[in-house]
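Take a look at the structure below.
Note that the chains are named A, B and C in the order they appear, and that numbering of residues resets to 1 at the start of each chain.
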């Protein structure tokens, strides 16, 4: 019984990381209908920057904040330089361009930071908490707190602030929003900034959990996040969160009880295909 | 007087010719002996490929500095196989036809090596696999040799380490889903009953996994005495760290793929006490081993690990065979390779009838943040490699 | 011709067939498939298993075609319910499922793959001739298809599914046909691959390979037959020719993909068409 609970906790923690990554992807898709695979490259960049800044300055808080800020800016730059010029082209153009970017980013990481990957000099958030017979690492707790904090913050932002409401309006109907004076370009930049910053936060936390930041770390999230946003109903942020947590749980139980049948990555896609057969618009999408 | 002058002239000319001939510089000697080499230099695991290339070049440089082989220098012709098996077939043909190599070393992974072996076999060029585990590689024919032990043999050594040396009987086995992991575990399970090992549970994970939360939670519930965990440094490091953080105190035993310093860097203090069936004998007094370890660290900037040691040994074995054959003819090199009995960076090596290597397993343990010698598994009956 | 050139050219032929097969699905019919390498794999594994069981190449190759086509029909049925972005991800999922299923089953080779596939009995030169023959047949088939009523229907579906439905084009049927034909051709390429390499393993049929095949189609220009051929040839040969950028190979590849999409999204065919138009307007 205890094991089932522990597996559930582990599943939720992994799900939280997926949620951070997938939310950014869902935001980009919701606004621009681009499958932004290079998002996983920003995730990895966040991991590297967090590590480099923390190792250099000794402060993890600085590392985390710095990574989120810098990667947020990179995300905006990526939009401006890479996506904006091809927005009017068919969707596969942006997809392949994004793939090319992602491949190039991975190689740059390998060339700049080394093929073996990097580790923290002094791993932040060491130690664990004993709770109800389970041992939860502080780093894992950190993931939960960070995810809840960031996503709640995002929810409040989009419902309580003018900028946030303008963003929501633009996602729903950009022409209508523009006619009300909302700066579409501004909303897009904000979108990429927030989404990329979330991915960076995920990257930093994964780097801390594993004490390893490697050039290929974006590989698995790149396609898993896609599966999640489809499950969540392409662009629906609440759906994405639920789908991410659900996937984390399914993987946690599946990797122990179903490992002879399917491996962990296939579980995500088996679930995806099963859902799409029954509900082609995803769990929470609107039938178009 | 004229006659004595002519005699003096003749004598001094002869003396000059003799002196000149004895001290002839290599520029007038024969061309270098070309050795082909391929590894994955770009792509997902380029780290290993680059380390192997450095080790191979180091071996060649060391040999050339000591005078070369048969008074000729060795020349390494390096190719990147990109981890793609279909790329390696044209490369193999190029090495054979255009570069006219005398023999080839593969520091590539199993997929490219397995695809290239039949090509070299057909062309009758000796092909030495330094790190590939795929069992079928040596079955391509008698021109193929392997200096690394196959997974089954290493798995058996692991079982002896756990059951006989550490005397732990209740064991959990973790398989990484690659040919490497599968063959290791097959060997472990095969030898486990001999040492009274009871396998409580088996787990599997994919090479892309770094988060082992569910696995760790389940293993904690199993409460084993020892864990046989297969993987690479980038999975083993996080796994060991997460196991210790969860309070799992069992002994952790792994394969040679954890032998890099990176494993210890990732797991930090959690790595202390991890044991592996290694190829590097950190306590060795043999100059072949100590010289390699020192020179490699100086050249590469990081400590040697399994891949580099095995590649270095492959070059050593080939050079020795060329010397024994006293010829650079591939047929003669092949025959000479069969008779290998050589001390290398990975210990004393010889080949059986399937050209699989016979060697012992030095066991290493992490003490004070570095790999150190623990013991040696040298039961040659247990460690007998597969035969024809 | 040296053994090196023969083996390289054989690989080029196989890749050309592969690119054309995806072009049929994605370029002709507008269905974005991110899992095409799986059908390549179905063909390769079918040929491998049957060859090891003793069947001759003249039996295993048709079997590869049929098996891959059948798998394509299956995926096609699932794709009927979704479109565009969902389809891309669903096909990606199909690709991962294929790999996952093969890895778990030792009967299919599992992690170790299948090796020591029997020699088809042709010399390297003979095998190359066979591959080139098939390549030409595939090119001819695609040209014929494009000009036929089936090609017209594909065009309509690619352009606007809803509109096509209203003018009586049975969208579902044509999507299925596109999938089945494209994957069947990929199966042929896969069968030939198995005999070329004499071993198959999952590393050759994963997501990165699907991306590479899609890159060939997109760089060539979606829908353009000549474009797919040229792009497949270039992407196979360039890594061989550019040894000096060896360490930066992948970086250049990624950068190239991005640059072409950013500056010439019509691919080589689009760029060639623009060039021709510019030349014409000058004369």
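By our rule, a contact is a pair of C-beta atoms (placed from the backbone, for glycine too) under 8 Å apart; a residue touches a chain by one contact, two chains touch by 3 or more.
Everything numeric in this text was worked out from a predicted model, so none of it was measured.
Chain-to-chain contact here is organised exhaustively, every possible pair of chains being in touch. In this structure, the chain pairs A-C and A-B differ in their number of contacting C-beta pairs, and the larger number is found at A-C.
For the pair chain B and chain C, the distance between mean C-alpha positions equals 37 Å. Distance between chain centres (mean CA atoms), chain A to chain C: 31 Å.
Spacing of chain A relative to chain B, judged by their CA centroids, is 39 angstrom.
Shared interface positions of chain A, i.e. residues touching 2 or more other chains, are given as 260, 263, 265.
Looking at chain B, residues 177 sit in touch with two or more other chains. In chain C, 103, 247, 250 are the positions where the chain touches two or more neighbouring chains simultaneously.
Contacts from chain B toward chain C in the complex involve residues 41-43, 80, 82-87, 89-90, 93-94, 96-98, 110-111, 114-115, 118, 134-136, 139-140, 177-179, 181-183. Within the complex formed with chain C, the chain A residues making contact are 29, 33, 35, 82, 85-86, 89-97, 99-108, 111, 223, 226-227, 230, 234, 260-263, 265-266, 268-270, 272-273, 276-277, 280, 282.
Put simply, chain B touches chain A in their complex at residues 44, 46-47, 50, 177, 203-206, 208-211, 213-218, 220-221, 234, 237-238, 241, 245-247, 260, 262, 265-268, 302. By the touch criterion stated above, chain A contacts chain B in their complex at residues 2-3, 6-7, 10-11, 13-14, 17, 110, 114-117, 119, 123, 128, 134-135, 137, 140, 206, 209-212, 214, 216-217, 219-220, 251-253, 255-256, 259-260, 263-265. Of all the residues in chain C, the ones that touch chain B in their complex are 2-4, 6-8, 11, 14, 103, 110-113, 115-116, 193, 196-199, 201, 203-204, 239-240, 246-247, 249-250.
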